[in-house]
Amino acid sequence: MRSRFSTIAIHAVLLGYTALALFPIILVVMNSMKMKRAIFLSPLTPPGPASFDLIGYHRVFSDGAIGTYYMNSIIVTLGTIFFTLLFGAMAGFALSEYKFRFNKLLGLYLSIGIMVPIRLGSVAIISLVSGMNMINTLSALICVYVAQNLPLAVFILSEFVHQIPKDLREAARCDGLSEYNIFFHIILPLLRPAMATVAVFTMIPVWNDLWFPLLLAPSGGKQTITLGVQQFLGQYVTDWNAVLAALSTAIIPVLIFYVLFSRQLIRGLTSGAVK
Amino acid sequence: MADNQQIEMVGMNRSAYLRVLAFFLAPAVLIYTLFSVYPLLATIFDSLYLRHEGGALTFNGLGNFQTLLTDETWSKPFWNALRNNLIFFIIHMCVQNPVGLALAALLSLKQLAFRNTYRTLIFMPTMLSVVIIGFIWQLILSPLWGIWKMGLNAVGLGVLFGPYLGQEHTALITISLISVWQFVGIPMILIYTALLAIPDELVDAATVDGLNQWQAFFHVKLPLIWPTIGLVSVLTFVANFNAFDLIYAMQGALAGPNFSTDIMGTLFYRTFFGNQLQLGDPTMGSTIATMMFVIILMGLLVYLYVIQRRIQRYSF
Amino acid sequence: MAQVSITSLQKSYGSVDVLKDINLEVEDGSFVVLVGPSGCGKSTLLRSIAGLEAVNGGAISIGGKRVNDLAPAKREIAMVFQSYALYPHMDVEKNMGFGLRFAGTPKQEVAARVAEAARILQLEALLKRRPRELSGGQRQRVAIGRAIVRKPQVFLFDEPLSNLDAALRVNTRVEIAKLHKLLGATIIYVTHDQVEAMTLADKIVVMNQGRIEQAGKPLDLYYRPANTFVANFIGSPAMNMVEIEVTGKNKARTLAGGELGVPLPARAKAGDRLTLGARPEHLTLGAPGKGLTGQLDLVERLGEVGYAHLDMAGGGRFIVEVRGDVKAKRGDKVGVVPDPAKLHLFDANGKACAS
């Protein structure tokens, strides 16, 4: 039994750290909705009737491009998730289901990418992408992100395929399903929870990445929101309303998403990384 | 007969079997090979060539590496970036991981109210883009806004305030701590899960043996989560030697002031793309990327052959 | 329906031979039960018939047609798995009709067959449920239903009842027997349960280490086991065995020295070593000095009957069936008297001696 005192102490420590973790975020979101004077005079008070002002957001959205950047990020993220899950599940299924000579070796080959960061190949990726005339396209980003996320997806999904009882696949074989139909009608539906987990934690690094958008799609209206905000911030450094509003615009959707899916995300992190 | 052993599917001939394999494996293998393995190999390959004015390439063996390590114009920035990167890593190991462990230990206490809420909230900064985090902290630390100054004044430490990001001797430490602040959630979550996996009976048994809560933690739980701590360390290593975004977002490609926050990632970026001070140099860029690869590989090998071998794994 | 014949079947995993020269005839419409100790290859044999395992040699034919190289779906078999293997993401109706839909059977036909199977198995009320909303027994019936709708030539069951509790197992066993009558189907059935084997089978096949030890009618196996393995395996408690040495015509002695009068085969000559087997119910306890000598260790009283466990002079233990209320206590010296007409004799290789 813990004493009352130590219970209070534990909560004090945790609360203190939680405050430290949230303070900067809350500060920015709060001040983004205030008048410039209020931002500087009373940064710690929430916006009130006297200080409330959305001028920063006006400026951000009148720039016009933010909407496009959002769309770009959504397309890139969804595209990456779709192909990562599809190809990852297919490969994971084949690796855990079929016996063939290079099975183990192929598994090892694919899993190198779990630990070795794809960024190290950036020089060659750029010449590859420009050779294919894909600079400033979203497809280039999707290809790179799929390649980046596939190794872990294959690894996790093949573990999950492994957990699907062998009898089910054999029953399907007795029922006359082709191997393709076994995958699409039996395995894929049963992998859905695992895929949700993989999806949620593929999504975050892709959404937040700065490096590849900077290298592969830095202009031409193909910027993702992360890069777009970064460029916007560079232009408007002195306009505090605009800066705070731009930051909040980038933060809020991610936070909403996180609050909705935090359970899946954390399960994904733990099941993916600990094994 | 040997080939027959490979095919376990009755009623399917060899070519049909190969078609099935190709259908399922080809997309993943192709895209991964083309966009991940090939670029990595090409980069390593590139680092063996020398680029002349006009763009012609000649084979240079390990010459680029010699230049990088010994030629004053290259070696100074290189050793500087490597040293900074090491400091960056050491600060993470000494602050991020112990804090993560401590938070995980608290969260995993039995019958703790609101534990999921704490966990979710503390993990929140990890979710945000490094760019955003960098900018937010830049604003907070800015003397213009004065939030940090107000905070220090409030606790009577006002004298400690300074332009942290603008001073050579404080910029790197400040940025490292901001990174720690953002990513502490990852060690916390991983260690927390490992702690939850330890059966309660073990701690109960220790309690019956007369250990108090602290002793039980240090003598029973901690030894059981060493593998996770090893994993956290190697993940930290790989992430740190691959970092770029935060410094680029806060200090720009020049990693100022006076390169005091320059790490391998920014050095690589600057070398490859060039900047106000120099022209881009793809082969030297590749050389630096290859060095990063070698460093990360060494870290992984240390992990696989030293840490993982030494650490006894237990299953419950 | 069809007969199944298996000739010289061989199967190995790497260097381990799991099935060695299996020869088996399953008559059209018969119910064949495979039994044997764990790991002897029953499931492997069944799965080879189904086409889920590739075999290394020999032939399997179903309905007179060689099926070695046919995919499972083309063999006109249906398999019921121990784990039931119901598709968790489909309701009962879809589970049962799934294979037919993929075979291109017209919708009405599928619906009609599913309805028919549901009626036979009393599943009508459950058609819209998912497998996880069913009890073990209901899942079992759905698994059987899924097999029935395919109208297969042969049904293959791998320990279908082992996940059910005792009472349900008895019920379902009766159901399966009825179903067999109703459909007139050929069934090959693997089980660990002797009662299931004895009550359901037209023919029992006893396997051991990848070989068939004996195949025959249940009571034949019980009364005329071909060798010591089958004698030991069939019947519970197991048959008692003791080594004897022939001393003369219809005379022998145990190695401990007790003299016995037993009917011996004509060609037995003095000095031959044989194994004498007697089932617990064919032995009676008598006064010490009669028959074999033993010392009572304990009596398991099951009610009407009891089993007396004896330590025999000269080593070994015997189990003798007694009345449940027999008055005997630990340490009593007793004589064990066999019924001479019900004895089994096996030669030095463990083969039954023709009498």
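Letters A, B and C mark the chains in the order given here, with residues in each chain numbered from 1 onward.
In this text, a residue touches a chain if its C-beta (ideal position, glycine included) is under 8 Å from a C-beta of that chain, and two chains touch if they have at least 3 such contacts.
It should be emphasised that the depicted structure is a prediction, and the values quoted were computed from it without experimental measurement.
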Chain occupying the middle, per Cα centroid: A
Most extensive contact between chains (C-beta pair count): A-B
Averaged-CA centre spacing for the pair chain C and chain B, given as whole angstrom: 60
Centre-of-Cα separation between chain B and chain A, whole angstrom: 17
Chain A and chain C, separation of their C-alpha mean positions in angstrom: 57
Overlap residues in chain C, where contacts from two or more other chains coincide: 51-52, 71-72, 74
Two or more partner chains touched - positions in chain B: 8-9
Footprint of chain B on chain A - complex, ascending: 2, 10-11, 13-14, 17-18, 20-22, 24-25, 27-28, 39-40, 43-44, 83, 86-88, 90-91, 93-95, 98-101, 106, 109-110, 112-113, 115-125, 127-128, 143-144, 146-148, 150-151, 154, 179-180, 183, 204, 207-211, 226, 229-230, 233, 240, 243-244, 247, 250-251, 254-255, 258-259, 262, 266, 269-270, 273-274
Chain C-touching residues of chain A, taken from the complex the two chains share: 165, 167-168, 170-177, 181, 186, 189-190
Contact footprint of chain C on chain B as seen in their complex: 4, 7-12
Chain A-touching residues of chain B, taken from the complex the two chains share: 6, 8-9, 17, 20-21, 23-25, 27-29, 31-32, 34-43, 46, 103, 106-107, 109, 111-114, 118-125, 127-133, 135-137, 139-140, 145-147, 150, 181, 186, 189-190, 193-194, 213, 228, 231, 235, 238, 242, 244-245, 248-249, 265, 268, 272, 282, 285-286, 289-290, 292-293, 296-297, 300
Chain B contact footprint on chain C (complex, rising order): 51-54, 68-72, 74
